[in-house]
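Structure incoming, see below.
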Amino acid sequence: MELTLENYLAWMQDFAQKIADKKDYLSDLDSKIGDGDHGNNMARGLKAVSEALATKPADLTSALKVTAMALISKVGGAAGPLYGTAFLEMAKLSSKTVDLSELITAAAAGLQKRGGAQAGDKTMVDVWLPVRDNLKNSQLTSEKIEQAVNSTKQMEAKKGRASYLGERSVGHLDPGAVSSGYLFESMLQTGVIK
Amino acid sequence: MKKIINDPQDVVAEMVDGMVRAYPQYVKQIPKTFVMVRSDQASMKGKVGIVSGGGSGHEPTHAGFVGQGMLSAAVAGQVFTSPTPDQIYAAIKAVNTGKGVFLVIKNYSGDVMNFDMAKDMAEMDDIPVKSIVVDDDIAVENSLYTQGKRGVAGTVLMHKVLGAAADQGASLDDLEQLAKNVLPHINTIAVALSAATVPEVGKPGFELADDEIEYGVGIHSEPGYRREKIKPSKELAAELTAKLTASLKLSSDKKYAILVNGMGATPLMEQYIFTHDVLNKLAEKSIKPVFVKVGNYMTSLDMAGISLTIFELASEKWLDYLNYPVKTIAW
Amino acid sequence: MKKIINDPQDVVAEMVDGMVRAYPQYVKQIPKTFVMVRSDQASMKGKVGIVSGGGSGHEPTHAGFVGQGMLSAAVAGQVFTSPTPDQIYAAIKAVNTGKGVFLVIKNYSGDVMNFDMAKDMAEMDDIPVKSIVVDDDIAVENSLYTQGKRGVAGTVLMHKVLGAAADQGASLDDLEQLAKNVLPHINTIAVALSAATVPEVGKPGFELADDEIEYGVGIHSEPGYRREKIKPSKELAAELTAKLTASLKLSSDKKYAILVNGMGATPLMEQYIFTHDVLNKLAEKSIKPVFVKVGNYMTSLDMAGISLTIFELASEKWLDYLNYPVKTIAW
Amino acid sequence: MELTLENYLAWMQDFAQKIADKKDYLSDLDSKIGDGDHGNNMARGLKAVSEALATKPADLTSALKVTAMALISKVGGAAGPLYGTAFLEMAKLSSKTVDLSELITAAAAGLQKRGGAQAGDKTMVDVWLPVRDNLKNSQLTSEKIEQAVNSTKQMEAKKGRASYLGERSVGHLDPGAVSSGYLFESMLQTGVIK
């Protein structure tokens, strides 16, 4: 499972489309336990990513880097620095290895370092960690991703805006987990993993 | 959603444009950013720069407080969304006159992360940067397991105090110490009558019945601690004052400043009536604030509601800072 | 009706109390009246006193503009109801330092009659009194058969100009002449998204559908000249600017000041977006205003909407008056 | 038809009661073509009048004078100076004559001088003038008052807030005309005219 410029571009194109399609749904989810902007934030960011990638980066590293920069400078909120850091970590590592599992592991670590969230805190981390682990032993499936996303439903938020709700956050999906779910669904569907 | 806007995607760009064209004497825009810096650059010379910012929708915060004696620059994010590190970094660079830059951040995970990334960038440029994370909203209990308390209207008082000190020549370290000392003495709590409608979302962040209010709501429609039927102003004042009495351990031996803040759609008449009731409540405890400010300072778009901030003036200097003259759009 | 009030009958009394207790440095109350006079009496010495007032519900107008360089006293009536002659007379007596008193009256039959009666009383006391009746709202055509145009947000600019002139020593006759000269150059027009709810009435003054607006509405929910579906801000700006262009015969050879005024429930973000659109519209005519002010100055309780005032600065001095420093709660 | 302290006090007591009873109705009428406060204004004023008259004025002149003062200082708006002036004119004249017709004639003149309204302008003047004329030839009846009040319905307002409505004021009763109607109904009902 190696990330290449080609499959990476396909992956991002698909992800951007999913986000555009699900913009309102993501904001809806966010308005239940956050401030209702996650869909708009992500759509703005992925539009910028698409524009940046349309300028045809020379290699995977620069593709990952422009993705990170577009996310960091366009998404804002909590999701911007988190997704941005994740892709920046992948960009950094990509000059040494293009193994997908290793890249995602580095990304997840960066994400946790930036946001300080642990497994079970009801954040996107609750999707990234299981994905990381399942990639490691080549067992990532669409069902596993869905499972991870759905697992956030019963969690009580400890990080991000949803944490202000305390117990009342239980029973709602975490919007960042859902958007991360789309990221990894795209990864599967565009054949990054064969 | 009935709003005086054009395309919801353009609200921040057009607002910033309106602001800098209306008030060129106070603020100017860094081209291609939503950063507004003080027009009067001369007044920043030899002083530590103070940068604040956050999501838009809280006007006049933050740009309304840019000017001599207060902020050096304000960074506007999308509505209710933290600005991005590149923009914050642009503000830092623009206001650094060699003495370093102090950041005032409200305690939301997005804001903290974006400002942190900007700080990293500035440090790579050898610009000394320090910061305070304001978390004055006592509606949410602080605890190890959560994000901590939120930053709300009390942030404006933090801006005022730091701005006055910076204008009088405080160093970056002085400002950090001052901010740390002041922070626990500023506490805020709100009550909402209706939620804000984010233009891109198009519907209110939450629904309250025609006769319902919610205590402890945040400035982005974050939920509060209790809903109940609308009460007379004096009972709302009693509830909020009681919460602040407990958190600040109010005492007639101490001096206090008060900020009664309208959330955007609540008229000044109601704010003054509420002020009357708060002052009565405090008078019952033999407390007569030495500084009172009433108005729309940290709003939440078109939310109806009010917040009450009490600032214990543990040092006589802090009152001087509040009274220190400024040249801004909105203080 | 969801409002932060106590008994609807007490709103004015409690509001005035909240105001004078919050800002003793600017205003004090004449006991047993709703008259607020300038605290800084020394600044009034040897100067003509300027008194304004009217129904309450337009906060910060009028008391928010009491202070050095602007009004000497403000008289607050019941909500949307002119104050009574005895109260106006009390204000006149309180601010007369021997140079006479100038009254700024908005053109409503009630206001005109009550101020006239107060003037009669003052004249019996040998206090020289002159006055101007402000009628800046161009929504209603002036004609022999009607009450004439209404006084709205432009009144605040009249206060500012007269206050500055009085502070610089203008005589009662000077002020009368100045007011007469300035008056036709100040024109205002509004658009409403929702009506105000008078506390004692308990329901909005009129009903607009969820997607409807009304042009030309007055500050007491007086009806306007057209209803239609909500439009983008730039089209609202085009409509209002066109009306003012016609009434003032706007020309790129002249200088203008602009006041964008929020009606109470319209957030600053919308006001700045609208400002952006108005400035664009004027730029199309090669007009760049030399003075712009944006905010809630002449409100109508919780009405959502905005008014646009254009003030043709026919004399260079008038711009100086607008920029003249004041010490008030709200300018 | 002479006004005496006794019948005047009865008259005012009845009028105050009518106004208290019809407060909401008057404000409702005013909200259709004015600013919705006429009932509140009048109720506040008549409460003050009742309080002032409860202090037992010595004679008719002082009773009329305290009525005028209470109205002037408590009603505000347009109605305050108008009603106030009317009663003040009656007070002034009452030291010379207590003939009801003459008193009302003086009051109506004061009212017109203060407000500048003519017959047909859709104001309280449209009740005061017919009442004045009918009193003169002893023909005032409840029907005549009602007629005068109702006549304002089809008028287009030329004075007061309703004038801002122009043609749209047609079809609504003038609130000040209605409250003046109550004043004269009370006058009839309390036996001031015998």
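Which chain is which? They are A, B, C and D, in the order written, and residues in each are numbered from 1.
In this section, a contact is a pair of C-beta atoms (placed from the backbone, for glycine too) under 8 Å apart; a residue touches a chain by one contact, two chains touch by 3 or more.
By chain, with names taken from UniProt: A, D = phosphoenolpyruvate--glycerone phosphotransferase; B, C = Dihydroxyacetone kinase.
Please read these numbers as outputs of a predicted model, since none were measured by experiment.
Between the contact lists of subunit B (Dihydroxyacetone kinase) and subunit C (Dihydroxyacetone kinase), the overlap is empty.
Discounting subunit B (Dihydroxyacetone kinase), connectivity by touch gives the groups A | C, D.
Work out the mean CA point of subunit A and of subunit B (Dihydroxyacetone kinase), and you get 31 Å between them. A straight line joining the Cα centres of subunit A and subunit C (Dihydroxyacetone kinase) is 53 Å long. With each centre defined as the average position of its C-alpha atoms, the distance from subunit A to subunit D rounds to 75 Å. For subunit C (Dihydroxyacetone kinase), residues touching at least two other chains: there are none.
Those residues of subunit A in touch with two or more other chains do not exist in this structure.
The touch graph of the protein chains shown is a line. Here the chains touching each other pair up as A-B, B-C, C-D. By the touch criterion stated above, subunit B (Dihydroxyacetone kinase) contacts subunit A in their complex at residues 55, 77-87, 108-110, 113-114, 116-117, 140, 145-147, 150, 198, 200-201, 203, 205, 218, 220-223. By the touch rule above, subunit D contacts subunit C (Dihydroxyacetone kinase) in their complex via residues 27, 31, 35-37, 40-41, 44, 72-82, 84-85, 114-115, 158-161, 163-166, 168. The part of subunit B (Dihydroxyacetone kinase) that touches subunit C (Dihydroxyacetone kinase) in the complex is made up of residues 2-7, 11, 14-19, 21-23, 56-57, 59-60, 64, 79, 193-194, 210-211, 213, 230, 232-234, 236, 258, 260, 264-277, 279, 292-296, 299, 301-302, 304, 306, 330.
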